[in-house]
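Okay, so subunit A shows up in both of these, paired with subunit B first and subunit C after.
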Partner chain A sequence: MERLDKKLGTLSALPILIVLTLSFLAPLIVVAAFSIMPQKVFSLWNIPDFSAYATVVTQGYWKSLAWALGMALASTAVLFVVCWPLAFAMAKVFGRFTLILTIAVVVSLFVSENIRLFGWILTLMKGGLIGGHLKAWFGIDMDGALYNVPVIVFGLVYVYFPFMLFPLAQGISMVPDDARQAAADLGASKWRILWEIDLPLAAPGIVVGSLLSFVLAAGALAESKLLGGQTVIVMADEVETAFTYGQDWPLGSALSMVLIVIIGSMAIFGVSKVDLDAIMGRKR
Partner chain B sequence: MSVEPVLRLNGIVKRFGSFTALHGIDLNINDGEFLTIVGPSGSGKTTLIRLLVGMDSPTEGEIWLRDNRIDMVPANARPTCMVFQSLALFPHRSVGENIEFPLKIRGVSPADRRKRAVDLLELLRLPVHYYDKRINQCSGGEKQRVALARALAFDPEILFFDEPLSALDYRLRKTLEKELKDLHNRTGKTFVYITHSLEEAMVMSDRIAIMKDGRLEQIADADGIYARPVSRFVAEFMGEVNLFDVEGTSQGGLHGHGVEVHVNGKVEDVGIGLDKGERGTLMVRPEFVRFLQSTETNDFIVRGILRGEYALGSRMQYKVETADGSQLTVEKLREDRYTGNMDDEVVLGWDVEHTHLIRGE
Partner chain C sequence: MEPSRSTKFVLYAYGILAILILYLPLVSVGFASVSKARYLTFPIKNYATRWYGKALESSTVADILTTSISIAAIVTVVSMIVGFFGALAFARYQWRFRSLFQKFILIPIFFPQTVLGLALLMWFNAIGIIPTWKTAVVAHLVWISPIATLVIAIRAYSFDPALEEAARDMGATTWQILKEVTIPLLLPGIVSAGLFSFLLSWGNFPLSLFTTGADSTLPEWLYAKMVSGYTPLVPTLGMLSVFASAVILLVALLVPQVIRLARTARRVDQESTN
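Then we have the complex of A and B:
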């Protein structure tokens, strides 16, 4: 019986396995292979060397990497702080209003990210929605809030909001009410309950939400390009440039590999620390 | 045990919208006693305990803990503590960390915390190496003990229990009931216990308060509840009972309704009597009813036909159908079992000393 289950399990997993191998794993392998080709070649049939990686190290690409990771970290931290109260209310307080809120947030995803970012540009630019009103109503001249690092972080927070909110709400809903009540009964203050009960028990949701928003933000391109006006160059930008203007596929691949390895190991580390089965609702 | 009340409830009313869950509860809880509040579901006992621990506040009335009014004090600022029905152990913490939680909140040093936790493990008869065990590796009974240890670590003035044994199987429940009673004696703390099982209450409590529809129906010791209930509700709540509607006669005796109850004269002498026309309910517990030989007589007599015999372990239970179709329950020890046959015509009798009269409709 158990063997039959195993067989059926393997069989059912086969289609997605094939799709993932072709669409996810294969390109990854190609990128990995290109990253060890001599620079500026367009074929995989060359003697491998690590010159592309040497360029990554010597040409100061660490700055772009630092900006990408730093802004991803900042936006994740801001997202966590902003989303926690809302997620808590969605999981424990709102009741049926949660559904309306969920739909509202999800609907925002139906509009393409770039269009929403352009909306912010129109809002924040000099003489835009905010600047124009300030000028008209109060006569204040505003220089426009675009083209700086904080606005890029704001953009990341805005775009990846749902990716933090929903896992967090899911995580908080796993915190048993009676554990919170018992902690209060045993003398714990609200902050103490947050620290001792809510945060540790919602950890799977926190890790998943943080990983999702961090990984997405670290690879994000549009925010720094559109809102930031390339005030800073992020890693994804460098990758794009290497593949297009630079015509240097091995360099682009090497840059990608660096990002993939860093983010991948963070993701694996994070996921290994939490019980994903718990958040997926699987009974053990 | 001193009899100074540690907790006083004055006219506690709790409303939820238009629904009134508690209709003016007055209750004094004595220092060091084991008080059990019993009631069927919906009687308001859970609402009451939520008010007592501070998870909710009363609509009207006052709660006094010694000389402090506490009904508006939140749970985390009250020197009382509760063992939850679900136990509410912290699943992400070890057994030791669970027990130490209230001490950690108070800022007790790790070494002292550990010492106290180990003491409590010993008090609750849990092996000391359980200190590092995970909560979900503990059995139901062990979790129960951990929850108790955690509550005791808080060192509360009063320890509340919200049906903590209800999820356990029968045998474990019986063991833990006795352990709890034992723990009460050893710690000398005031225990207030909530349950829907009067049997559970009987085993453990110094006093029992029976709740019905948001009111306290009767507060008495186990004996008082069992032998001298104030209402049909209380009488029927505790196991099997035989009840007869009666009415006072002009001589001050009783006249049975439905069941023919023969009264042999001396009722007035022992004070069981109703004024003429006054109604009441006569109660006798099944173990006091006897099968009479043809030559015997008794203070109360009912005739009927034996319809059923059931083995209850140490006792035998009999159902006797009377002429009007109502049923009487009789219980005998195994060695005193009835020797006749099914469908025999039998005469049942009992002493006036074992008879209790509930006045009113």
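Then we have the complex of A and C:
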């Protein structure tokens, strides 16, 4: 039986491994190869140099990287605070309502990110859903709330909300009620229970949720472009510009490599910390 | 340690508020799509549905929809097949590299999709393939096939290996076991994975952006018009895309119910004739 399991396991892993080799590994290798080509070439048959990386360092691209990482950090922090009470309620308080909330959140994911962000433009712009009605009903004149850094962070928080909420709820549901009850019986305050029971025991969920939202927000493009206008330029935007307007594939690749290395190492770290069998419910 | 009534009330109110905020932008798009004016301001004074008529008549729109549907359909079929076997390797069989495999499958989900799209564009260029909507299928699979695998794996975890072993003891071949035991048991997971795949592919923008070549999907077209050259067709097509997803979702949720009802009705019928 065991030998058969081994054979069947390898066999059934093959199809997706082939798909991911062709669509994930191979493209990443091509990016890495292009990043050490001389600038402005479109083929891989050149003598490698590191001029593209030199440009990345000397041309002030660190600013875009700092904006991308800074806004990702800010949105992750906001998401954690916003999602914690809701995730707690989903795991411990809501009964049927947890299912309704879960369905509502998952269904919203099926609507294209573009359309939802466009909806926020219509909601927040001058004369938009909020501004227009405030003026018509109460005579309050409001400038649009668009095109600044806070609204980009808001957009990131909005789009990546499910990626924090669900891992957190999963993490909190693993905190045993007995432990919380015992701490309360021994006279621990609410804050002390949160600090010494809930947070440490829900740590796997917190780590996965925070990493996932940080990593996705760090590579995001549409939020800063649509909601932020040209206020700040993030790393993913620089990558796109280098490829499209700049027609400089090696530079674009070198910029991508910076993002790929940062995000890839965080993703690998996060994934290696998680026991997937335990989270996804193996009965043993 | 039951929370007090007032705490509960606040938490429920918070949950409802979260749902409302989640869907608020769609309310704006919905209103904008039925505004008569060419230049949009709220509150909307004149309502009209003529933009929907225009959208449905336009041949560009028909092309875009065909492209989006073709990509989503192929992605769905491939993801269901690949995800089914992937899920067995993920959750069911005990093999040597299982833990490594599980981790590898998750990595692409974390990656920035725009960067992946560009990487794919360079890869296609390097092996001499000109991007069309068919290359976008490959691009969508990077992200969607791992998700399909996870969705089916959740189902595969709750599956009792003894059922397969029993079939084998009674002399069934591996192929027969797959057809008679494994697939029927995992079917609900496979169907939801298919649903996820279709809807995620239908709505995906960052992976399509660089990989469709001269073709354009619906989210791509919307983005291009949002960034330059707003037309009232943007909210209209946005809403049509949302309606399409909603219809697919409803059909997918209702069909099993109808089948179940029909089955019970038939059983009741048979019992009464007996």
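One rule holds for everything that comes next: the second predicted complex is superposed on the first by the 269 of 284 C-alpha atoms of A that agree within 3 Å, B and C clash if a C-alpha of one lies under 4 Å from a C-alpha of the other, contacts with A are read in each partner's own complex, and residues count from 1 in each chain.
Following the convention adopted for this analysis, contacts are C-beta pairs under 8 Å (C-beta built on N, C-alpha and C of every residue); 3 or more make two chains touch, one makes a residue touch a chain.
Because the structure is predicted, anything quoted here is derived from the model rather than measured.
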Subunit A as common anchor, with subunit B and subunit C clashing or fitting: fit
Partner chain(s) touched by A:M142 [first = subunit B, second = subunit C, both, neither]: neither
Contacts of A:L8 with subunit B and subunit C, given as first, second, both or neither: second
A:I197 touches, of subunit B and subunit C: first, second, both or neither? first
First, second, both or neither for A:I262, with subunit B first and subunit C second: neither
Partner, of subunit C and subunit B, that touches more residues belonging to subunit A: C
Vertex subunit A; arms to subunit B and subunit C (CA centroids, nearest 10 degrees): 90
Contacts of A:Q181 with subunit B and subunit C, given as first, second, both or neither: both
Contacts of A:I233 with subunit B and subunit C, given as first, second, both or neither: neither
Which superposed partner A:V78 touches (first subunit B, second subunit C, both, neither): neither
Touched partner set for A:S189, first subunit B, second subunit C, both or neither: first
First, second, both or neither for A:V41, with subunit B first and subunit C second: neither
Closest approach of subunit C to subunit B (Cα atoms, Å): 6
Overlap of the subunit B and subunit C footprints on subunit A, listed as residue numbers: 181, 184
Touch list for subunit B against partner subunit A, complex: 53-55, 74-77, 81-82, 84, 86, 88-92, 101-102, 104-106, 150-151, 154
Subunit C-facing residues of subunit A, complex: 1-2, 5-6, 8-17, 19-20, 22-24, 26-28, 30-31, 34, 42-44, 85-86, 89-90, 93-94, 97, 101, 104-105, 107-123, 127-129, 131-133, 136, 158, 161, 177, 180-181, 184, 211-212, 215-216, 218-222, 225-226, 236, 239-240, 243, 249, 252-253, 256, 259-260, 263-264, 266-268, 270-272, 276-277, 280-283
Contact footprint of subunit A on subunit C as seen in their complex: 1, 3, 8, 11-12, 14-15, 18-19, 21-29, 31-32, 40-43, 78, 81-83, 85-86, 88-89, 91, 93-98, 101-108, 110-116, 118-123, 125-126, 138-139, 141-142, 145-146, 149-150, 153-154, 157-158, 165, 174, 199-200, 202-206, 210, 218-219, 222-223, 226-227, 234-235, 238, 241-242, 245, 249
Subunit B-touching residues of subunit A, taken from the complex the two chains share: 176, 178-179, 181-189, 192, 196-197, 200-201, 203
